[in-house]
Amino acid sequence: MELTHINENGRARMVDISTKDETNRVAIAQGIIRMQPETLQTIKTGGIKKGDVLGVAQVAGIMGAKQTAFIVPMCHPVMLTSVDIEFEYVDQESAIIARAIAKTSGKTGVEMEAIMAVSTALITIYDMCKAIDRWMVVSDIQLVEKAGGKSGHVIRGKENQ
Amino acid sequence: MELTHINENGRARMVDISTKDETNRVAIAQGIIRMQPETLQTIKTGGIKKGDVLGVAQVAGIMGAKQTAFIVPMCHPVMLTSVDIEFEYVDQESAIIARAIAKTSGKTGVEMEAIMAVSTALITIYDMCKAIDRWMVVSDIQLVEKAGGKSGHVIRGKENQ
Amino acid sequence: MELTHINENGRARMVDISTKDETNRVAIAQGIIRMQPETLQTIKTGGIKKGDVLGVAQVAGIMGAKQTAFIVPMCHPVMLTSVDIEFEYVDQESAIIARAIAKTSGKTGVEMEAIMAVSTALITIYDMCKAIDRWMVVSDIQLVEKAGGKSGHVIRGKENQ
Amino acid sequence: MELTHINENGRARMVDISTKDETNRVAIAQGIIRMQPETLQTIKTGGIKKGDVLGVAQVAGIMGAKQTAFIVPMCHPVMLTSVDIEFEYVDQESAIIARAIAKTSGKTGVEMEAIMAVSTALITIYDMCKAIDRWMVVSDIQLVEKAGGKSGHVIRGKENQ
Amino acid sequence: MELTHINENGRARMVDISTKDETNRVAIAQGIIRMQPETLQTIKTGGIKKGDVLGVAQVAGIMGAKQTAFIVPMCHPVMLTSVDIEFEYVDQESAIIARAIAKTSGKTGVEMEAIMAVSTALITIYDMCKAIDRWMVVSDIQLVEKAGGKSGHVIRGKENQ
Amino acid sequence: MELTHINENGRARMVDISTKDETNRVAIAQGIIRMQPETLQTIKTGGIKKGDVLGVAQVAGIMGAKQTAFIVPMCHPVMLTSVDIEFEYVDQESAIIARAIAKTSGKTGVEMEAIMAVSTALITIYDMCKAIDRWMVVSDIQLVEKAGGKSGHVIRGKENQ
């Protein structure tokens, strides 16, 4: 196995994608943040307008996706054509799942953008609630599905891992 | 319980810290990335220079910490006086732990900066290895310890949670 | 009258504030966006959750305030200690007013940060509604009040202009 | 009327443009800053080199246009192929008009980039002159004309509003 | 000779490239940093892991290349498809050469991105070693070669200068 | 000699300055860009307004100085209290010298900010003139003088090097 991000001197490089085709690409990623039951309750009902914490997390995640190439050193800049995030309350685990979809039409995939959207959204939830629950934990940030490009359409759990 | 980041209209605000004291503040956060055993092996031995993936992740994490206030919407800008990251191989779990320490002298804590360092470092490891292992999972991003400011010195597991 | 931002060669400089005192500083700015009555109605009732456009504008404005020194060339970096924005519907004018308050404790004022918060919030409202009303107009972006520093507490309309 | 930036959960999203055509797109926006007559006079003659305030505002506006997708949360990144700004003195109103043109070849328009150029340029003029005239007012930031894409060539005042 | 970056009012503009062809473009730039012999020796052997200073400089240079359009005012945003940097020790001059290659497929060249990679890498070496050698000098930052676009393939020293 | 930016694992860190004193600090840096005599002549007289290339370079340099901690990985964020740049035509060498001064009141020096101002200004000159002179060379970027902090007031050439 070879790390394509490492050049012949053992140093990092931005992989050369100049000869790759421009295709439509999609990636879906998700993650979860676990918290005290009271915290989840406060997020659901807190403030005058319900769910505002998630509204801020949504904006943060979408803006974070656009910053991917400036945060992850070897990422190529990509022209995102769509980013959306949905949140799901998991009451029995006292947790919130964030799931992000990113799209582009270009020479490289958008896995990192989807992952960056998820991690930024979850960290923002942490930030907005840490005053009442500083031990919240962000977990299971992972690629769920991707399509487009050489590797085709792959779904987590549907191929040998 | 009240969300201090939400104003009286139910919208987000940057909490007013103008009357807080300037004190020395420290925060430690950590997280883990789990992968295939072959991936861990490649990280350890891959390329000419050992551990280069972690070298890039380290730089990414430190630079990510400096970007915190531009990524997490309600974070205050802080003058970081120190950021360091250490990595630990966890062979039996086929995983790498990242642990970051952040310091400042100011009116607000640096939990978010430490968490941002950890999540950026781990996501960067994912990015550099995803060509050989796209199903890696980032988990357990959490505050470990903090000191300075009103809440004093708190350590994960050493107080009621 | 002398432009302090212009040096002896007639070129721009970042004014030297190194000998100024650190004091608490506050600035309030406001502006307005005018639109079709239907647009205002859609903002008020549109989507499942009321006022979401303003929720996004609020986050944008706060994050925009933190970017001030990177957008306005001669602005000093400042450590914002608080930013908040409120919106007011002006039905008879079919308009929304945005009013922002910014605070810091430092050597220079935060007028630009308050103005940047207002203009970013209003432009974001435009962006989110331009598909239904492309001729909306942003106006009357102005400083309303400031306190702290050499010029003391000044209020628009309460001094010779 | 439907807000395309709001998803089915009532939260903001980056609109999906992945199936839109790449076409040449142009947008023109303008705005005005009103000031004391003495301030306008100082801008015209101040410093050794005439008009330097406007030179800085021009650079700020062009750089601001490039930052649009990082300031306005739901904006798509676009590959600007041209940005230019012109200023016009309006002596009878003691004001300066800024007019910006932005171009791209892509899947989405550049209205926001033109508007961002104008607002950044005008706010920069305010910043550079606020030491002598803190009550300057920025107004009438608006789209003037756009071409390219589904809505075709539209000019302010030439269609039903 | 005419400066294409200057508009008819004598002010800067982002040159209009909207009618140019999209072609593959490559640029190579280089520069050198001169230092005390002991400094070069420390870089070569310093720390536990050899060459770590250059590892950080490499990451900095690649990330700096991606920031070009936000640092150099009139640069167009470009979608870099590849960036790599190599370092060469020049023992007899007690110096290190950095050489960067940048690629894109687009309407404008990537000279500035290659130059930004080189200068950022060299300045980073300075930063990491300035505690032991504050008088290091960065020199000879220059374009070495470029291909693609109207001017074709040009090599330094192979055409009239 | 020990590289303070390298931690005990041989990886980069942001040096801990939390126990250092806040003092006034100044740094002066300079560099030069060499070009064809015709290019220098065009810069001096080109366009309608003299010296506009240098006006843009000045703004770029000042804004670049504010970006230092986001470009140079291990730099601490600093609150710049002043940045200014001056240019000097060197006709006999067909060159332009840029000299920048940066100031802060804080725990760490501003050498990197002064160097970043110089290199950004010179690279901007290159960018604006490369259409007429692509082989221009940027050289001799160096610290000239610094004051404040533990090392006191040092001037290039006035101490053992």
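By written order: A, B, C, D, E and F. Residues from 1 in each chain.
In this text, a contact is a pair of C-beta atoms (placed from the backbone, for glycine too) under 8 Å apart; a residue touches a chain by one contact, two chains touch by 3 or more.
Given the structure is predicted, the values throughout are model-derived calculations rather than measurements.
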item	value
Comparison of A-E and D-F by number of C-beta pairs in contact, larger one	A-E
Distance-maximising chain from subunit F - centres being C-alpha averages	A
Centroid distance [mean C-alpha coordinates] between subunit D and subunit B, Å	37
Whole-Å separation of chain centres (CA-atom averages), subunit B against subunit F	31
Intercentroid distance (Cα basis), subunit D paired with subunit C, Å	16
Where subunit D touches two or more other chains at once, by residue number	9, 11-12, 49, 52, 55-56, 59-60, 63, 67, 70, 73-74, 77, 79
Arrangement of touching chains [line / ring / star / complete / other]	other
List of subunit A residues in touch with subunit D within their complex	24, 54-55, 58-59, 62-63, 66-67, 77, 79-87, 103-105
Interfacial residue positions of subunit E with respect to subunit F in the complex	1-6, 8-12, 31, 36, 38-39, 42-43, 46-49, 52-53, 55-56, 59-60, 63-64, 67, 70-75, 111-112, 115-116, 119-120, 123-124, 126-132, 134-143, 146, 151, 154, 156, 161
Complex interface listing, subunit E residues touching subunit D	7, 9, 11-18, 20, 69-70, 73-74, 76-79, 106-107
Sites on subunit F touched by subunit D in the complex	49-52, 55-56, 59-60, 63
